[in-house]
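Just so it is clear, A, B, C and D label the chains in written order, and each chain counts residues from 1 on its own.
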Amino acid sequence: MMENFKVIDNYLMVRMPEEIDHHKSSYISENADKFIVQEKVDHVVFDFEDTKFMDSSGIGIILGRYKKISCFGGKVFAINADNRIRHLLMISGLHKIVEIME
Amino acid sequence: MMENFKVIDNYLMVRMPEEIDHHKSSYISENADKFIVQEKVDHVVFDFEDTKFMDSSGIGIILGRYKKISCFGGKVFAINADNRIRHLLMISGLHKIVEIME
Amino acid sequence: MKNEMKMEFDAISANEAFARVAVAAFVSELDPTLEEVSDIKTAVSEAVTNAIIHGYDGIEGGKVNIRCLIEQDVLHVEVMDKGNGIEDIEKAMEPLFTTKPELNRSGMGFPFMEAFMDDLEVLSVAGEGTTVIMKKKIGCIPWIEDEE
Amino acid sequence: MKNEMKMEFDAISANEAFARVAVAAFVSELDPTLEEVSDIKTAVSEAVTNAIIHGYDGIEGGKVNIRCLIEQDVLHVEVMDKGNGIEDIEKAMEPLFTTKPELNRSGMGFPFMEAFMDDLEVLSVAGEGTTVIMKKKIGCIPWIEDEE
């Protein structure tokens, strides 16, 4: 699963799994944090290309990473988010802190 | 669902559903029998193109149709059967009465 | 149309996916849209996750119970645990309120259940457990009566 | 790895699909192959169908119970009904034997359960009901320990 994390310059790219729930979320959060600390990335990009299901655990993953990097000026991005994921980000208010890209 | 039954010359073509179980089977059997009687078809071709699941209810459908038409010299064919369906036909002994086509 | 189903399973996180898939499979006879299926899966996932991590603090040994009832075109779902219970239900249901931020919880579980189901009721007694009762009307009744 | 699940549902044919999907979802933590999933779905479908059409003669009102247990890499499945029961179990298990040929039954239910599971046991008391107990070892244990 480590191939789901890639560092490009000072960006961490996280390829989100097909199903994002609590069972899967700690793995993603812990590994993302490892990269943030060890590789000194500034920004995190969450790629939802493969994601077919997400519950509020996904919101927790994004929010937690945002809290870690925003104090140093880091930004959080979401790419390839389908309508449903955008809607979930919206009702959570996360569209205010996550840049949703086409 | 009626579009799953087609008469071509004296052949009845039955396009089998994605899931073949007892819940679905009476619909298929009853309609196939209607065509056999009303349209006077001799042979029945079961098309498994769409089928992703089948249990022994599928065997019952084929066996029942075979009994109806075999006494008049009718034959039963299976097309587009994947390995699993072939295996199910095999262990039921149905490969002896059903012609399995490529 | 009437149909009932109950299940009980170990309160471990591997069963979150199982629970939502099972409820989605149960409701499939109502011919829900993909969107409705996602709504139901999300809501069930939230309630079951809460039972596991808040009700039982992630400690194995507890059981989660789900009861589903289809009445006409309405799905009723109850998710129950015999865990910690909730002291202040009103506060718990506020968006972004969570008692487990250290576990990356977002406090959006109840708000998601409210957003995706037509009705949400939470019954809870501190020290005894929690029952979440949800309802959702499924849009389109299939236009042909199912055979059998 | 240990995990348990029980479910109870109305003995109606719409629940045949629900039951096999639920059991397949429960076993997914063992990372079964597609083939193993099909084997399990077929076996569960046979047992549940039998409970509905033979146990309860297709008459509504009965309940079907399923109990699943995962122990290490082995799935145990029990399917129970409180219906008619079976007079002669040995005969019932013979390939092509069926008491309901008029319903297009093929008599291949038990043979399929035997073919696709590693172990099959049938307990039945005429007038009281039937319990089918099946076991299957799932081939490949996932090579990384699942987190949590």
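Methods note: a contact is a pair of C-beta atoms (placed from the backbone, for glycine too) under 8 Å apart; a residue touches a chain by one contact, two chains touch by 3 or more.
A quick note: this is a predicted structure, and the numbers were derived from the prediction, not measured.
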- Chain labels contacting chain A and also chain D: C
- Message: Using C-alpha centres only, name the chain that sits farthest from chain D.
- Response: A
- Between the Cα centroids of chain C and chain D the separation in whole angstrom comes to 26
- Expressed in whole Å, how far the mean CA point of chain B lies from that of chain C is 41
- Message: Which positions in chain C are in touch with at least two other chains?
- Response: 13-14, 17, 148
- Find every residue in chain B that makes contact with two or more other chains and list them. 23, 26
- Message: For the complex, give me every residue of chain D touching chain C.
- Response: 2-10, 12-15, 17-18, 21-22, 25-26, 28-29, 146, 148
- Contact footprint of chain B on chain D as seen in their complex: 13-14, 16-17, 20, 35, 38, 41-42, 45-46, 49, 52-53, 95-96, 103-109, 111-112, 115
- Task: Would you pull the chain B residues touching chain D in the complex into a rising list?
- Result: 19, 21-23, 25-26, 29, 53-57, 59-61, 63-64, 84, 88, 91-93
